[in-house]
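Before we start, here is the structure in question, set down as structure tokens.
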Amino acid sequence: MSDPTTTAGPAGTGDAGDRWGPALADTVVAPEAGISTPDSATPPGEAPGRTFVQRGDRIFRGLATGSGVFVVALVAAIAVFLLVQAVPSVVADQGNFLTGRTFDAGDPTKLNFGILDLLLVTVEVSLFALVLAMPVGLGIALFLTQYAPRQVARPFGYLIDLLAAVPSIIFGLWGLFVLAPVLQPFALWLQDTLGWFFLFSPGNVQIAGATVFTAGIVLAVMILPIITAISREVFARTPRAQIEAALALGATKWEVVRMTVWPFGKAGYVSAAMLGLGRALGETIALTIILAATPQIFGGSLFDGGATFASKIALSFAELNNNLSAGAFIAAGLVLFVLTFVVNAAARWVVARSGAKA
Amino acid sequence: MTITDRDLERPATAPAFIGISGSRRFRNGLATGAVTVAFLIALVPLVWVIGTVLVKGLGSVLNSAWWSESLNGLLARQEGGGAYHAIVGTLFQGLICAVIATPIGIMVAVYLVEYGGRTRLSKSVTFMVDILTGVPSIVAALFVYAVWISVFGLGRSAFAVSLALVLLMLPVVVRSTEEMLRIVPDDLREASYALGVPKWKTITKIVIPTALSGMLTGIVLALARVMGETAPVLILVAYAPFINFNVFEGNMASLPLMMTVERSNPTDAGADRLWGAAVTLILIITIFQIIAAVLAKATAPKTK
Amino acid sequence: MKIQRHGAALAMVAAGALVLAACGSDPNTGASAGGASAASSPAVDCSGKTSLTAEGSSAQKNAMDVFAQAYQAKCSGASIAYNPTGSGAGVKQFTAGLVDFGGSDSALKDTETAPAAARCQNNPAWNLPLVFGPVAIGYKLAGVDGLVLDGEVTAKIFNGSITTWNDPAIVALNAGKTLPATPINVVFRSDESGTTDNFQQYLQASSKGAWTQGAGKKFAGGIGSGAEKSSGVAQAVAATEGSISYVELSYAQDNKLSMAQIDSGAGPVALDDTTVGKAIEGAQIAGQGNDLKLDLKSVYSSTAAGQYPLVLATYEIVCSKGYDAATAKAVKAFLATAATDGQANLPDAGYAKLPAAFQQKLITAIDAIAAPTT
């Protein structure tokens, strides 16, 4: 208000605010037109000789840059803190941290832990979930954006988003007590007919359904909303003109999808799947409930039990009372951190590569 | 010569559009079928999960005591009481998280869109935000545990949970805000600069209000997501069956924590509370989503 | 204008939150603690501080809920917050002076007594075994009721030396029962817990050397499948034919598991109030004077008749002296209520009532906690 240079005064000065209403509206109609670097415009605040304005600008710029630096520092701090806590334990580890297959960290004088089994179980259960969820997620996204009438797409899109709101503990209970008994005959049939293949060999746990198989299916359901939500968004942004051009050439619906929607949205779909995988890798409670622990080493079968990084940490953390034991689990957490980082970096790379091609 | 309708409809040249061949039609049908089947397959667990939760939990929720009383003084197997203490805890932890994460997240996004350009810092911020997006909730909880409890020696508290939730909420806020700021047309900024408005006022008075509707949606959805997180509350705060308004000290319940605790309660009362809390959490998240939709509508720039 | 509108919307959200914050209540205080009869209810000095804090073993959490209810009924306005973070944390927080007393599944170790005494202004800390939880050996085996096991056979089952139900060792203990030739499916706790620790201590003490895996909070048997928490264990056993596990009594009851009888040498003993009470009474006290540290080995390896030996003992760790006056009064009031009025509802929560003689020892010790003389 005291600043004479502003036309768009604070909201309090009624008519100034109103003047912007229609002006904004006119330009907002076509939002896609404006995606470009805003830095191309030179704001007057950076012109010389306006010390008063400059100060405000400098502060605001400082705040924004500071926040950016804060994020960088935060992630660095996460990595450093976890490392600092983890290293003494890894040094005190009497087993091999990377190739050890048991995780005994309860007694700080006799640490003997290795992450290999945790890694294998985590990766197998997450990949299994991804293999199940990717095609289904693709189908839903295509159905909702390209096939279903709007009146259907909207409520169902919303319903699937609601699935993301269901707390993971509920997925765990539902998976073990509702889903697993239903899956059990199918699981047994798989073991009987395909048992010669390592993925389907009879497992090492006797609690019905408390297996990687059930856990993977539940995880698939859990990551479905993520994959669908992002893919839907990307597919819906396929340029109308391309779709219409394909239709004008006489393409069938499927050909439209294959020739315009899919190439346009492929990268988005893959990165959505990677994000889903990232979520699956870190899922905690559902897996602690479903997966049965086993003292035997992981044989690679879908019908084995075991523990993932996250579930192992959750199972033991409540009773931890010394820094060395805690450090062992933090070291496991650090490996999980690196693993999700690699997955996310892969997703980024996929997007960047296809972006460069387009 | 009379022109019949039939003649008019007859193309002057041979039709360019020859009927769709059988194999193409078959493939099209196959694809339609596959896509529809995928959708129907997805509906099965969806309806199943939500149905299970509602069937088991609705009974407890449809009771006024559920919304106004805590579980203080009740034994595990005594029926009665409510989830008020947990609802309060969930909202407190969520709101504190939002209060911290939102301004930082918005400023980071402002930096990325308005100031960062293609500098090295800007690139590394983008990269770090990506990493943060992928941080599993249990790792975020471990980090806060390492800093807050192991290093600073502070006790477990609801505030520690909020800090862990900030780590999870921040990248989502940055991402959604960034998207929204980027689609604000440059013309607006240029018009503002042309009128002599300094950059920071352009951002706060023009760019952010224009993008506000989308930003709010993103923020509220991010908040809804973190409120359902279980791993942080498991590690960073202890459960209390009574109402606690002090976020810095003492035990505090939250809905995910209440579910974890009641899961160890083998009685019918425990099962009712467990599923009731699940329904409550879903309801709260749904309400937040509705609020987001309403806010988005209310704050959207008017198009006449 | 727009900004005002946002402001209004946010204000409404905030107002809504405030309204919500204002209308809740903790109404159940003492509402149903009527189990205690007035006659046995001792006089308790409620003039101490109103909010006690304690932390430790999760195994006694439900008992603490019962005690808290009785305490609130006795001393209106008083409350206790028990934080079940685990025994180690309980001892640590007590020693650091952050909580008024600690809860632990084991008595203070030799290395812990000196720091604990320092916290009590150089007075010894006492271990008061206030909460006893019987652990059931629950199993699911169609047509077999009242299975009898002894320490040695149990140990062999849980470390994989015995793998089928009709193993001669089991048959020998169960004359007249038909045992199937199916494999034994062992289920264990996958999270770390005091129950597992006590169970393994029992096996160590009673198995005549058959259990070589040691004790500890993590199951060391090397076989079987693990389920999360007592609830998970009990549900897994209930759902799996031919399975066996160890679980706190209340979980076994609620999941309708069959419970094995234990034969310690004087005939099979079933788990009930009397047999557990006898076992507690038979416990030898290893501590000095009012420090009631137990020698659990004496319970686990006892061969006396009519005792059910598999009992989890958890302690309250308190200062014998050195509290300030208000805290001392409150600690005494709480513990005294717990040891008397608090006992009535204990069996419902899955714990054993204190036998009379033992209760008397505890009350004597609690009375002896001294307030500063200043």
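First chain written, first letter: the chains are A, B and C, and each begins at residue 1.
Here is the rule we go by: a residue touches a chain if its C-beta (ideal position, glycine included) is under 8 Å from a C-beta of that chain, and two chains touch if they have at least 3 such contacts.
Source: prediction; values computed, not measured.
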Category of the chain touch graph - line, ring, star, complete, other: complete
Far-end chain from chain B, centres as C-alpha averages: C
Euclidean distance of C-alpha centroids - chain A vs chain B, Å: 13
Euclidean distance of C-alpha centroids - chain A vs chain C, Å: 40
Residue numbers of chain A (touch at least two other chains): 10, 21, 289, 318
Residue list for chain C, restricted to those that touch at least two other chains: 2-3, 85
Set of chain B residues in contact with two or more other chains: 209, 263
Chain C-facing residues of chain A, complex: 10-12, 14, 17-18, 21, 104, 106-107, 177, 204-208, 210, 288-289, 292-295, 305, 307, 315-316, 318-322
Residue ranges of chain B in contact with chain A within the complex: 17, 20, 24-25, 27-28, 30-32, 34-39, 41-43, 45-46, 48-50, 52-53, 104, 107-108, 110-117, 121-122, 124-125, 128-140, 142-143, 145-147, 150-151, 167, 170, 174, 182-193, 195-206, 209-210, 224-225, 228, 230-231, 234-235, 255-256, 259-260, 263, 274, 278, 281-282, 285-286, 289, 301-304
Contact footprint of chain C on chain B as seen in their complex: 68-78, 80-81, 84-85, 87-88, 91, 95, 155-156, 209, 212, 216, 238-243, 245, 250-251, 263-267, 291, 295, 298-299
Chain B-touching residues of chain C, taken from the complex the two chains share: 2-3, 5-6, 9, 13, 17, 20-21, 23-33, 62, 65-66, 68-69, 72, 79, 81, 83-85, 98, 229-231, 234, 250-251, 254-255, 345, 348-349
Parts of chain A lying in touch with chain B, wherever the complex brings them together: 3, 5-8, 10, 20-25, 27-46, 50, 53-54, 56-57, 59-61, 63-72, 74-78, 81-82, 84-85, 135-140, 142-144, 146-148, 156, 159-171, 173-174, 178-179, 221, 224, 228, 250, 252-255, 257, 275, 278, 281-285, 289, 309-310, 313-314, 317-318, 323, 326, 329-330, 333-334, 336-337, 340-341, 343-345, 348
